[in-house]
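What follows is a set of structures to go through.
Below, subunit A partners subunit B and then partners subunit C, in two separate complexes.
Take a look at the complex of A and B:
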């Protein structure tokens, strides 16, 4: 036996050539990186033009390197290797602060210049009453037949939305604007935190937590004038950004002992930025002459590039987004639910299927033409208004919303539906109680990404006659509206001059991209949480 | 059972190996006492099911007794799950499925034209192969059937009673607000059983309820089924013959082709089946 095995010793297995495979792999890598690298180079170029970091004093760079960059890298790097949950907590806190501050800025624009806080308040009360009324009617659903409940619900909603707001607006006294915002928006935060604390620690501490939130919002609003901010924007920043982020940090500090260290990371990043600014200010180091500055964000267009600003276009884009979301979300989700849960599989639905996929690829300029034809020429609305622009952009993203919502609904496991039908649920009960709640994060993700597409669209707005340059914010749905990409296009095209090319256009592009990326980051966070949930 | 389909009894002597397996099985047969003096809950009369052109069930005629555990065993694809789904008309949800024949639940033919399948399913509890709690709290999971059916009564009390019956109360009573998905697989399946019995159904259908669980969770589910049989009529599909022998009073053997080959007292089926095919299947000669 032994000799037998000896004679069959294998000297070596030889080599198999992988040259072609290796070549193929690097070709694939190159094609993967090509687009990203090109875009990255362009963005760096534009950002350099817009922010001009090299115009800053070297001392300024040194200050921020020492107070902000190095400490953040050190703490972040340490946590990344030693304590990943803490790193994530710290990172998400900083990210949440940055993104929520931007949303607070947008909300401030809306409440300061577009929407009277009293109007907002009266409609919030109207919607709240409508919701409570419908809920109360549903509670009695055992004893009242459906048709009666339905009529009663419609009556309650009608009265609370058509009558109550007008009554409130006409009241002889007006509430203080900041208080209205503080307690409508801050109330939601307080309720969310209170609910969380109630679940883990009982009612008494929940009341303390919720009351603390309301007090903090009010205190920050009143403290605003001390640092030169009006109470109204201060209350918005407090209610939308500072207080929710701090509540999140507080909850993490109490309930996640392992990740708690991450708060240090967040504190180092935020504190480092403030410390750097303070030191640079004291030492007299000049910062970069960025074109994206406060006056760019708050001015309207002007004859000279240095004075030109994006403010009306930012406000216009916000209003357009709100309109688009309000129109495309119910239509898109409705269509998706029908096609996934109700539609039989026949020639008609397959025809609709294929057409929705095709519509998602139709060039946006064609949608602009459609909007012009339907809303302006046929329906006789004025050109270039918020309503027409929003409706046209809604048409544009509707196929995308439908497709992504269908995807989300399809990903609800079939076992869930079976369980529900097996319990004797009707289709409506199954959709309402099981399918939609489960698919909701996915639907939100898809809708936000689609809104991101709409916010960057220029061609449809040009087609429906939106003004290239607006000097004031639109105040109602029928006023003319401009948008960020349209304003950038105007600077690049109509006011073509070296000055505008080098200053206003890059600054506008940077603002547009920052808004877009922060919207997408919300979508990504939602999707990650959704995947964790599975 | 006058109308149970049987084939001619085989008289081949089993080999020694087969004999030993058979002895093991028969030892573990539980006895719930005589099965004579109980009513019939479900009676099927010549049920045929087709999926497109493939016949999945052929002329199934059987009676399922009250407050007993009836097991359906057979190889994969023999139609035992399909028959279970005939009882609460879950096959209606499959476009390709076509059912012919009559099936009486407490004397009412569920395939009559005036029967609303949704209303029918409210009287029939069902537990599926894979634990499928909703992504809701434990409390909301158990109360789901009560809410969609607008059941009157004290939900807190019904939820507690159902969880107790499902032998889950002690493990979850302090975390009724946490998600049902946070439980272990065995706990999730008991939660699904609690959810199914909360609206107090006429009959409880179980489609391989333990096949996705580990042995410990499986034995908990089996003990639970044993206890549930005191109050409920349980029909359980399983491909685990030992499980059928352990927990059931009556056993129906389905074999390839969608035939009900033999139906009778579990002890008799496992110790002395009339059909040679059943004996071959039970002793492991095929399937």
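Take a look at the complex of A and C:
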């Protein structure tokens, strides 16, 4: 027997075919690329239909090639080869500017049409007072027993949230919208920058930096009307996007001398885009007849594809996202903390475990049925409201949030927990001070990805009776809401016509994909930084 | 004994301090919410479906129109206005689309997993894995639009008889959509195969091809199968892409044609059904709600009956996938 095998092996020895291996390898690569290339081609098609770059003047293309594409490529390529940190700094500045501008656009929709800035202000003050009150009580934690502290904290929170906002709203004078944004959002940016500067350069410079931020936001808000932007959106764009990005650039310029050159890269990209636009405008070159244009983003639905817009759906998606985040983040992280840090290894825990992985596999229509049956039919809520839609989508993404948060919590080294227990910390103190801060970037990554999934979902919203076509923005949690994918479905399915297929739907798809892809890339960048950090 | 006394003096039991109990209770409630969700899904689907069937409706104190359970499970006509509820018309289309997407996604997914785990450099992996994540992250309504507006016209060049709404384009996009799922779970299973096994293979003079196909894939087989089942269950539950691409006309599609060779009937797979449109289960549910149904009526309850069938199928598949992954896992 043994000799038989031996002789066979020896006969075949040395006859290894390289061709098979090479062929196999390329076959695998081709299969890997199949889906990616196919999606890429489809994306090109839809982008071509939506933006129609070929309708632009050749001069327009030439202008942008010379002012924007070539300089960016040249500077970027040089830095990529010679000075990688500078390239990264420049790239992340441009990315941060793009993403934060989009975020500012969303925030502008919220503050202009949904939430009165004064209401926002009163609740911000209420929450701030509640937070300060609780902090003050916590400070005295050694002298007062826990139950007293707990009741006092609840009382403070209740008073600040129930009484303070109403008092503020009823005040005889009203603050102007843009000033409210400058105080609240700009204040956060100022505090963050001030804290950073305080640590590296001391209190005097920190006050200067924080004051500078507030002044810059106010100045930009006042300068808005000069370029045709209302002060309120201008203040939002300044406070959410321009000022923070510029502060980041400034801090990087001072603190990272080696990467400082990266600012040039960012300046070339941004400046090139503006220069190109200015030159094309002066020379009278017509840009592409894009369907994704200002009127598409700010109009409501219309029977004719050329006039149809996405505005109510964008606002609806934003409100849904806020609701879903507010519901699923605490619940999902709470469940993950319980399963990783508290749960005893018994049958019930294993049941929850299996149950969560099965819930992740339940089709989204079934979650829609759950929302329809429980929230609408049994709880008697109105169909298709922000609250019902948000709750349904939260249940849908909860398993995903839990699973990814568990992974993030599990990656916190066991030694850190043991060290914390060794210092005499209780379990909650360990969770609060060691586990959660350490796992936070991972939890955020998972939550952002899950939110992306929620934004792209259509079926559950149809099931709970959200209107396919909404003509106005939802203004409160109980008003009917549409969403971007739902609007796209309505155009592709209910208004099916060649006109909509070629104009409104591609434009809607491009907007939806730009939002989703930028969310995904934020999550991926966050994850990469976090993995580098570990 | 004496050390215990000292311990009691020095330590305070913090496990039952009010703060600890409170936080612990909150976290427990969060985790228990998932159980509540499952229970409410099951209870809701079962009670509403029970009101739908004439056998169980009296138990639920429901009067009015009901449907026969036997007709529901064996009927092949789904015509709501005639109160004909034969779920097989919907199931046949769902099965066809799932099969079609499996033909695309399973081989490609496994090949992707082998490439990523065995062949790709870490740099290539760094590019390919996020790209695959994008594939899974594109909303399904967008895939449906792609199938209807770009893929079907492209297919029409080769298959002139294809309908505007057809199962083929729906299968293709659903297949592309589930590739990342097959790939990522299979790749995890392949990466878990210990390096020693591979090195042993190389030591025996095996080529990389031999090691990949002869050692890694068999060792990871349980993970690969569980990824297949999960991906298929995802394909069954897929909604918007098939709603847009496959059409809205409910009919029973029979993929088994009967030919005659010398007068003897011989069954053969009739692939021409893929060129026609049909109404899968999920799309039927969406159509029921986009049309105007009266709350509480028979059509409304049929929604939950389909939902129950869908839920049971996907749940069983998920559980099978779990069992396969657990029981047949090679322990190293």
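What we mean here is this: the second predicted complex is superposed on the first by the 515 of 534 C-alpha atoms of A that agree within 3 Å, B and C clash if a C-alpha of one lies under 4 Å from a C-alpha of the other, contacts with A are read in each partner's own complex, and residues count from 1 in each chain.
By definition in this document, a contact is a pair of C-beta atoms (placed from the backbone, for glycine too) under 8 Å apart; a residue touches a chain by one contact, two chains touch by 3 or more.
All values derive from a computational prediction rather than experimental measurement.
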Touched partner set for A:29, first subunit B, second subunit C, both or neither: second
First, second, both or neither for A:422, with subunit B first and subunit C second: first
Partner chain in contact with A:437 - subunit B first, subunit C second, else both or neither: first
Partner chain(s) touched by A:352 [first = subunit B, second = subunit C, both, neither]: second
When both partners are placed on the shared chain, which of subunit B and subunit C touches more of subunit A: C
Touched partner set for A:493, first subunit B, second subunit C, both or neither: second
First (subunit B), second (subunit C), both or neither touched by A:362: second
Partner chain(s) touched by A:343 [first = subunit B, second = subunit C, both, neither]: second
Touching both subunit C and subunit B, counted on subunit A across the two superposed complexes: 426
Complex contact set, residues of subunit C against subunit A: 14-15, 17-20, 22-24, 26-35, 37-38, 40-41, 44-45, 48, 107-108, 111-112, 114-116, 119-120, 128, 130-135, 137-142, 144-146, 148-151, 176, 179-180, 183, 205, 207-209, 212-213, 230, 233-234, 236-240, 243-244, 282, 285-286, 289-290, 295, 303-304, 307, 310-311, 314-315, 317-319, 322
Subunit B to subunit A touching residues, read off their complex: 88, 90, 93, 95, 118-124, 126, 128, 130, 132-136, 144-145, 147-150, 152, 177, 192, 195-196, 199
Complex interface listing, subunit A residues touching subunit B: 141-142, 199, 345, 413, 415-416, 418-426, 429, 433-434, 437-438, 533
In the complex, subunit A residues that touch subunit C: 13, 16, 20-21, 24-25, 27-29, 31-32, 34-36, 38-39, 42, 45-46, 146-147, 150, 330-335, 337-339, 341-343, 351-352, 354-359, 361-366, 368-370, 373-374, 377, 395, 398-399, 402, 426-428, 431, 449, 452-453, 455-459, 462-463, 465, 468, 485, 488-489, 492-494, 501, 505, 509, 512-513, 516-517, 520, 524
